[in-house]
């Protein structure tokens, strides 16, 4: 039996500077944040990051100076950060290359990559500046092989004559996901919404999955209807309980309001964010130490999901 | 006699009343989720909620913080993903009404949720479209919720993230957009609607205590005030449900 | 609570002559055959049928004279009929309008219809007669509103320059599915392979679902990850145990080798097939009588699936 | 000394040997399923099977009758559908080898599974492409299994359902096809392969007891016989596994 289990540090070492990377999850849910913190510690630089609706996962990488470009539709963290703070600061200061699409367009771009197509059609973005204005310069498009030759193209349907927008496929070197359960052989079980994880995984050359729990392959094969990523597409599996903190994992734990508020405050300035990184990323030597730093087992217990609901109904989102 | 209420409560109620029973509603983060939950608990018990992150037709017990929240799955018919939500449901023409927010809203209901100033190095950068541009293009009709200040209601948005009636008249259809367009803009001051044909905006109602002239003064484009009524206040029942069932924590309806 | 449950006869009455119809399932699996037999009894004519890999479901409609046109990729019934017999006879005799696509192309066409797109891109069919030869005449394309204006179009990707085939969307008046379980409110649970049922359902204006078992809506909502068709897209639900016989339904029963062999033999000539229809379609007054005609409860028990396998391991496929 | 065996058994074994351990195999109805099951039980225990109807990576206990059979799901990693199989797996470039059958196979390994004679009113109408045209275009390489008779091996197929090397040389790439093309044609008489570059067919081996000249006589196009060896017969173990484990019923390997 193939065994794909590796450590968080080994996983981080699979992501070189300059890589194209997509990150699973959605705003404050199921991002592989433990792995991202390990990447920051490893000093990864110049990443080209593709996402759809990101939260303080991508925002952390931006603030830590790991990112050269973001192609995205949305960066925010619920009520705690209606605009992802590092994202906002870096764009306003001209410190980040970026390209804006809608969520449906990013869905379409990842789907094209997953489906082996060079483009995917969408009906939205017509009549908007998402089509009219480009984040990437002609120079970047010409010289950077990771940049699409055009942002999008409007064509007429050969059957109906209607205007349809084609968006270019995304293929990445790596896709980083966090899920509830996975087997050592790379079979993955997502509970709750799938978001765009399946398409992101299949649009990548290598998929690294962190999971709350390692389970037997046979167990996941008992319900093949619930597995959506073929195991042979997954390259590494890393068991990391609370590996999405401060974000939520359906059926496991809720997002951490206190930490998200603290993050949002810290990410408003370079100095405060440097202190945040010291305290929560560089300071703790590993994930266990991080969990201690954010409050330890007692605090984490307050986030536990209630069975049958998938979240913690007692959680107070307002201080 | 109605009970005292906050502007956000009034807006939520006004937005909820835009939903008809049995409709399929694409709800975005924030007040739209409150409005949809309220509608389900009052006049539209049969309305169906769809969230872009994948939650379809839940019976939510607790207010989600965003559209990806686990709280959008309670009792749900489906836990799917973005592909299903955006292609099969939204683009497939199965959404009756979509709710949108935005930092700027212009004369024809176009929305900016991207950037103010120079796009490449803006004075303010926002979260970005998310699914808003898609909902604006593809839902049967849309309801926009926005804070009403003159700088937020310019003649033309700095960046058109989500298409409204574009430049009025038939410009939306000429742009190749199939979905319905904005039906109403529910603001902190009143409710704006658009004339059939020309798509010129008019003030349908000003909120209690707000004069139509004040609404015009806070609006960067001409607003026909001739039919402006008063926004009906929330009923006691609506307020009760909002405060005790929909958002008892004050996640969005802060009360302090 | 909405209740969408109707009888088989009421369901058949929802399908008018001349309708465009798609039929779920795959070769010898999970076709709504009880409903199709009811359509034949109702004397429905001139159907335009869209499928991908059909078996003796579509073949039955063809042989009963209900079909004006078939757009498909494949018609066969496993080892019992490597070529669907009525399909073969009717095409060879020039008695049927048809259009050939590959399975991926039919998948793409249904997906376009489901996704609200006028076309969908595929990379196959280049260099084949599937692109070069058309079943429909220019006359039909011009005069029949159910015919696509073109069979397909080859375009160059605006980003990479590669050749890509665009195929036209399918939208149908009706989609007929058979599944394991459904709720009276129209929530559907498919076990085993999904085939193309989800896309076919969402490419239709009205979906009629026949099911082995009617279950409580709440029960199906306990695992929302396993429901792939939104209940508001389903218009009618008909409980029909053994409603796919002689085909199989995963976890419920296997295909019926004896009946499939008998069917394949009968469908080789008009006369023999007329006798088949008399005996199994027009003769039995309803589905219960059909089940008696094919062997009754004792015979049907020999087809029962074994739990944990989903089929009957004792089934002998060769006489 | 090898045991007596039927031609179909020999073909199945020859086809199975085309699968390398660890490969992802797209198997079609009939002998391909036998070959894949045999390969998993002999030299390629790590090969992964994918079926177009949605079964992915099963550990099958009983021979399926077709690619949609429940038997393709036993112990499977995924029970998906056509969209996943055709887009994410096949078109996504994740299939190493695909198996194809066909009624006619021509000089360059193009296959007809549609119709003989006039397309619109043919003398024989077949099942149609199914997924064959897609597998032929998009798998890393293909193995074709066919009954070898002169009328079934014409210079040019009546209808090109599944592309082989088209007209030889670089014509396949010029047609815009990205996948690999036919590696072998396993027939009732022998195994045909194609020269690199020209894509001209040659007889790699004739089955035991069949002369290369007989193969040529049953072939409607010139076949280079210069390197023709003899197809290695099945081993006792292979036959044992085929007969007692893979197809004990004789679903495809009829024994009567």
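By letter and in written order, the chains are A, B, C and D; residue numbering begins at 1 in each of them.
Heads up, the rule we're going with is that a contact is a pair of C-beta atoms (placed from the backbone, for glycine too) under 8 Å apart; a residue touches a chain by one contact, two chains touch by 3 or more.
Quantities reported herein were computed from a predicted structural model and do not represent experimental measurements.
Shared contact partners of chain A and chain B, listed by label, are C. Here C-D and B-C were compared by C-beta pairs in contact; the pair with more is C-D. Mean C-alpha position of chain B lies 41 Å from that of chain C. A straight line joining the Cα centres of chain C and chain D is 27 Å long. Inter-chain spacing, taken between the CA centroids of chain B and chain D, is 57 Å. Residue positions of chain A touching 2 or more other chains, listed in rising order: 116-117, 123, 162, 191-192, 194, 198, 225. Counting partners per residue, chain B has 55, 73, 79-80, 87, 90-91, 138 as the residues that reach two or more other chains. Looking at the complex, you find that chain B touches chain C at residues 24, 46, 48, 50, 55-57, 73, 75-80, 84, 87-94, 138.
Partner chain D is touched in their complex by these residues of chain C: 26-29, 52-53, 72-76, 78-79, 82-84, 87-88, 91-94, 100-105, 107, 111, 122-130, 132-133, 135, 154, 162-163, 191-199, 248, 250-251, 254-255, 305, 309-311, 313, 316-318. Interface residues of chain C, counted against chain A in their complex, comprise 116-121, 123, 148-150, 153, 155, 157-160, 162, 164, 166, 168-169, 190-192, 194, 225-226. Across the complex, chain B meets chain A through its residues 29, 52-55, 61-62, 65-74, 79-83, 86-87, 90-91, 114-115, 119-134, 136-138, 159-163, 166, 171-172, 175-178, 249-252, 254. The part of chain A that touches chain D in the complex is made up of residues 2, 114-117, 187, 198, 202, 218, 220-221, 224-225, 227-228, 230-233.
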